[in-house]
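Structure first, then comments.
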Amino acid sequence: MEQNFRIGLIGTGRIGLVHAGSIADTKGAELTWVCDPFIEGAERISAQFGGKITKNPEELFASGEVDVVVIASPTPTHVDLISAAIDAGVHVLCEKPIDLDIVRVDALRAKVAAAKANVALGFNRRFDPQFEEIHTRVAEGDIGILEQLTIISRDPAPAPQAYIAVSGGIFRDMTIHDFDMARYFIPNIVEVTAVGANSFSDYIKEEGDYDSAVVTLRGDNNELITIVNSRHSSYGYDQRLEAFGSEGMLYAQNIAETTVAKYGKAAVEARKPYLEFFLDRYAISYRRELGLFLDSIRSGTQINPSFEDGRAALVLADAALESARTGKTIDVRGKLS
Amino acid sequence: MEQNFRIGLIGTGRIGLVHAGSIADTKGAELTWVCDPFIEGAERISAQFGGKITKNPEELFASGEVDVVVIASPTPTHVDLISAAIDAGVHVLCEKPIDLDIVRVDALRAKVAAAKANVALGFNRRFDPQFEEIHTRVAEGDIGILEQLTIISRDPAPAPQAYIAVSGGIFRDMTIHDFDMARYFIPNIVEVTAVGANSFSDYIKEEGDYDSAVVTLRGDNNELITIVNSRHSSYGYDQRLEAFGSEGMLYAQNIAETTVAKYGKAAVEARKPYLEFFLDRYAISYRRELGLFLDSIRSGTQINPSFEDGRAALVLADAALESARTGKTIDVRGKLS
Amino acid sequence: MEQNFRIGLIGTGRIGLVHAGSIADTKGAELTWVCDPFIEGAERISAQFGGKITKNPEELFASGEVDVVVIASPTPTHVDLISAAIDAGVHVLCEKPIDLDIVRVDALRAKVAAAKANVALGFNRRFDPQFEEIHTRVAEGDIGILEQLTIISRDPAPAPQAYIAVSGGIFRDMTIHDFDMARYFIPNIVEVTAVGANSFSDYIKEEGDYDSAVVTLRGDNNELITIVNSRHSSYGYDQRLEAFGSEGMLYAQNIAETTVAKYGKAAVEARKPYLEFFLDRYAISYRRELGLFLDSIRSGTQINPSFEDGRAALVLADAALESARTGKTIDVRGKLS
Amino acid sequence: MEQNFRIGLIGTGRIGLVHAGSIADTKGAELTWVCDPFIEGAERISAQFGGKITKNPEELFASGEVDVVVIASPTPTHVDLISAAIDAGVHVLCEKPIDLDIVRVDALRAKVAAAKANVALGFNRRFDPQFEEIHTRVAEGDIGILEQLTIISRDPAPAPQAYIAVSGGIFRDMTIHDFDMARYFIPNIVEVTAVGANSFSDYIKEEGDYDSAVVTLRGDNNELITIVNSRHSSYGYDQRLEAFGSEGMLYAQNIAETTVAKYGKAAVEARKPYLEFFLDRYAISYRRELGLFLDSIRSGTQINPSFEDGRAALVLADAALESARTGKTIDVRGKLS
C-alpha cells in the first residue's frame, strides 16, 4: 500500500498558499501543521486546508505528526529550518534559494549529505510539462548532441524596492531559476560570463542591483548556455527555452491564454498574449513538484532537485555577479565539486 | 449574502461525474442527493463528493433538500424528470438533448414556460472561454456585421454501435451542439440544408445513420452558417470556429497540449496535437456552466441556454435529417417560433 | 534538344500581362504575336516583352509563327478562338471559364477531343505549391483515405457592378476555381447542393446574383466537399484548403507577408496579414502553369487541367446555381460523363 | 529624369552572380563591364547579363564606362579596389568585410572620407523586409525604449576547411553580419563580451577557430545585445531577431517554405521548415541593396551602410575575438570613434 505523508507547512505567504493547495491536491498527502509567526496567515490556511497551527516551528517538529515539511518562509530562515528538520528526522521540500550566503550553505552541506531525511529544493520549473518534454526528448537523442541552450526569462514587473534591497540581487533572486534550468540539461558547468545593465529602473540601480542581464555558461562538453533576463516585460511573463542540438532544435514557446486570433484589415492579432506571473504559468509544475518528491521518498530514488542542486545554482549566481562586476569570465569548476 | 443551493444529481455515468466535480468546485453549491437506479454509481459519487443516495428520483424530489437538480441520466428520462422537478419547485440543469422526439418536447413546453422553477439546458460549449471570447467580440462589433459562421466539429472516434442505435442519429446526437453554437451567435435560423455521408463506418451505416455531414444554415439576416462534422478524427477532438464579418474574422484554433515544437531536418513538428475528447477540451466550460446557472437564478436574469434553446436545436436537427434524406432545403421559420 | 515554342497572346488586360510575364520567364518560350482589338494594349505588351502586334486573331493564326496561343480575352470570345486555334493546328492555353453557356461548350467538345492540338484550361491554382503539396501528400496516402475537403475562398472585394452583370454569377465566375480545386482532389463529383445569400452588397443583389455562398459536393467515394465563398474579405484574399482523411488532416494556411509579430500589452499581432489579390497570391502558380503545359506538349502526356476539366467545372457551377435557386440537391452524374 | 548608372562588376563567383542578377533587375542600372582574372567566370556572366569582359580591374576603371563598381572579389582585394575606384571617381558597393586587418582598413579611412565617390558596404540584411519592418517600428516607438536585442544566427553548414583557414575566424567572417545588424539598431556600442566554443567541428578547431559563439554587446544607452551563433544548423538557415522594448517586443521568425501543416496522430508537422542558405533567405535584400544605394547617390543622402559601418563591424569582431581569448570584456569606445 502507498505510504501516506503528514505534511507540515512553514510560511503562509503567496508561495505558502500555493503549497497548501498542492498538499490538498496530492494523494497520500495530508496537511497536519501550519506554522507562521504571523499567526493570522496560519489560521487562514488552516481554515481552508486543515492542520493545527503554531507560531513556532519547534512545536511543529516536536509534534511527531509531521513526516515532510515544506519550507516557504523567508530565505534567511531556510538554513536553520532545514537543520531542525533533519534533527527531527523530517523530510524537507525547501523553497529556493537555500540562502543568499554560500558560506552558510556550505556549513550545512555535510549535515544534509549525512542525513537520513531527504532535502529537496523547490526549483519547480523542472516539473513544467513543456520543459520536461524538451528534457526528455533531448535525453532520448531527439536532437542529437546538445550544443546550445537559450533561455529567455523575463518577469512581468520588478519587485518593489524593499524586496530588491534584501533579494540578494538579480542573479541570486531571479536568474537562479535559470541557472537551475541550465543545470537540469547540463549539470556540469565550467565557466560563467555575465553582463548586467540598468536599462530602466532607477530604484533597482539605487540598490546597486541590475534590472537586466545576459549570462553565458559553458558546459563541460563545450555546450554554450545563454540566459537573457529582464526584470520587466510589458507583454507578460516571458519564459522560453530552446535546446539546439546537432540534429535539430526544440523550442518551448510561451503559453497563451487564448487561441483566438483576429484577422483584421491591418493585422492578425491575439488578445491577452501570455499567462500572468509564475503562479499561473507554473501552476502545474508546483502541483507536480510535491507529488514527485513524495514518490522519490517512497521509492528511495534520487531526490531531484536536491540540496546540492540548490547549492550549485547559488555558486553560479555568485560567479555571475563577480563576472558582471569584474568584466571577467569566472571558472567555477573548483567551486562546484 | 449569497444564496446557497442544495444540489441533487440524477445520473452517475461519465457526464454525471463531471457535474459532481463541478458541484464540488462551485461556491455556494452543495451536493445533497445522488440518484441512480444503478446504485453503485450513486455510492461511488457520494463517497467522493458527499450526498445521500437513492435509486428513486421521487425520493430526491420529496426530500425537500434539493434546490437544483442536475439531470445527467439517459435521454429518454429527461422529459419526465424535468416535469417532476417543476412539480417539486426544483430548478433544473438538464443535459442535452431534452428528448429525441419533438412531440414529447412540445408537450412539455407550456409547463416549462409557466413554471416558477428555471430550466437550463446543458449546452456547455457556450461557456468555453474561446467561443465566449469570439461571441463577446462579435457582440462588441469587433468584426462589423456577422456574415458567416464556420464550425468544424469532429469527434475523435465514433461511439459504439449499441449507442449509435439509440442515439437519434448524428444530427440529434452530435450536430446538436453545433446547432446550439450556431444559435448562440445567430438565434433566428430560417433554413436548413444538410448533406450526410457514410464515409468510413460500416456499423453506423447499418444503423441507418451517417458518419459524416455538412449542414448549411441561413440566419434571418442572411448569414450563412456552415457545419462540417465527422464522427472520427485521427488527430484528436477537432473543435474550431470562425466568425466572419464585414470588418474582420475571428478564429478559434484547437487547443494544443504543448507549445513545444521541434525543428528537424525534414519538418517542424509539435507532438500530441490536440486535447482529447470533450471532458478535457471542455473541462472549463462544464465548470462554468453550473456556476453561471446558479448566478442566473440568484439574479433572476434570463436562463442561458434555456429549455427553448434546447427545443430549437432539436428542431434544427430534425430539419437537417429531413433535408439530408430528401435532398431539399427545409424552411424552419414556422417550427422555431 | 528541348523543343522551343513560339507563343501568341490574345488579350492584354490584367491577366494578359501576367501571361506575358510568364512567357518571358519560361525557358523555351518566345512571345511572337500579341493580339488585342484595343491595339494600345498590344503595343504596351509588345514594347515590354516583344512580339508582333495585331487587332485581328486571324492574322495571328495565319502567320505560321505561333505554336501555342494563350487566350486571355473576354469570356465570350473563348469558344471561337479555341476553335480557330484548332483549325490552325495551334495549341491552346485558355483562361477560365470556357464559356458561360454549357451549350456552346458542348458544341465544341467533339472538335477538341478530335484535335491534334492540345487545349489546356487556365485553372492556375492547381499549380500553387501549397495546394500541390497537399495533393501530392494525399496521393501518397499521407492522410489515409480522403474523406472531406474544405475550401475557404473569399475575394478581397467584389468586382464592379458592370462586371458582375456579365460575369455569369458567383458560381460560374468565382466558385468555378473552387469547383476545379475540388475536382483536382476528387475528379468524380456526383451531387451538388448550394446555398446562396445576399449578405452585404446591394448592387450584386440588383444583378440577381449572390455575394456569398456555401456549396457542398459529394464525390463518388462518398467524400464531402465544402466550399465557403464570399465576394469580400476585409483582411485580404482568403484562400485556405483542408484535406481531411482517415489518418490525418492537411491544412494550407494563407500566406502572410511577414513573420514579424509584436508582443504588446494587450495582444500579439502581425501586421499586413495576407497577400493581396490573386496576382500576388498565385504569382508562382501562373508562372508554373505555362511551363508545365509546354512540358506536357513536349512529352505527350495528359494535359492538366484539360478542356474537359473546364467543362466539368462549368457543369458544377450550373448545378450549384440550380440548387441554390430551387433548394434541391442536384445529381450531376449524367452531366459529367 | 532619373539618372542611369553604368555598373561594373568585379568578381563572378556565387555572390557576383547574385549582384549580376540584381543589376539586371534594377531600373536605371546597366551592366557594362565584368571583371575576373578567372575569365571564364566573366564570360559566363557577360553571356547572360551583358557587359564587356576583362581580367584586369584597371581596364574597367580606365574605360570611362563605369559609374558604379560592385566589388564581389575575394576579401584581400577589397582595399586596393576601393582605392582604385575612388581614384577613378567611381562609386563603390563592396562586399563585406572591407578587410580582415583593421590596420589596412584604417589606412584607407581618410581617403574614403575625403572622396567624392560614395562607398557602401554590402551588409544586405539591413534590407531584409522583416528586419527593416522591425527597425522601422522600433524607430516609430512601437515598443517604447529599446532595451534588448537578441539575434539567433546559425548557418546551415560550415564552410570547408580551406575557406575557414583564410576566413579570419567566426567573428570576422560570420558574426560580422550580426554585428552590423546590432549596429543597425544601436549604432553606438561601448563594450564587447564574447565566449567561443568548439562544439562539433574538428577541422574548425584545427584551424584555431570556434564553431559556436555567444556575444554580448552593451550599447551606450545600456542596451544589451545578445548574439547566438553556430556554424551549423540541421534544420536550415536560422535567422531570427527579437527587439525587446519597454512597451513590447518585436520578433522576426524564420521564413518557412510552406504554410501546409499536417495534423496527424502523433504530431502536427510542417515539412521543409526553413529557406536554405542566404541566397534564398536574403534574395530580396540583395535585390533591394543595389537599388537603394543608387537612390542614395541620386539624392545625395547618407550612404547606408557606409565604409564606416564596415569598419565598425570589424572593430567589434576584433574585440569579440580578444574577449573570447582573454575571458575579459573589451571596452571599444576608443576604437569606434
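Order of writing sets the chain letters: A, B, C and D. Residues in each chain are counted from 1.
Operating definition for what follows: a residue touches a chain if its C-beta (ideal position, glycine included) is under 8 Å from a C-beta of that chain, and two chains touch if they have at least 3 such contacts.
Values in this document were obtained by computation on a predicted structure and should not be read as measured data.
Annotation of chain B and chain D: jointly contacted by A, C, touch as defined at the top. Counting only chains that touch, the fewest steps needed to get from chain B to chain C is 1. Of all chains, the one whose Cα centroid sits at the greatest distance from that of chain A is C. In terms of C-beta pairs in contact, the better-connected of the chain pairs A-C and A-D is A-D. Between the Cα centres of chain A and chain D there is a gap of 41 Å. For the pair chain A and chain C, the distance between mean C-alpha positions equals 59 Å.
Those residues of chain D in touch with two or more other chains are numbered 234-235, 238, 247-249, 256, 263-265, 271.
Listing the residues of chain A that touch chain B in their complex gives 129-130, 133-134, 137, 142-143, 247-255, 258-265, 271.
Taken together, the chain D residues at the contact with chain B in this complex read 234-235, 238, 256, 263-274.
In the complex of the two chains, the chain A residues touching chain D come out as 144-145, 147-148, 150, 152, 154, 191, 193, 195, 197-200, 212-214, 216, 218, 222-224, 226, 228, 230, 232-235, 238, 244-249, 327-329.
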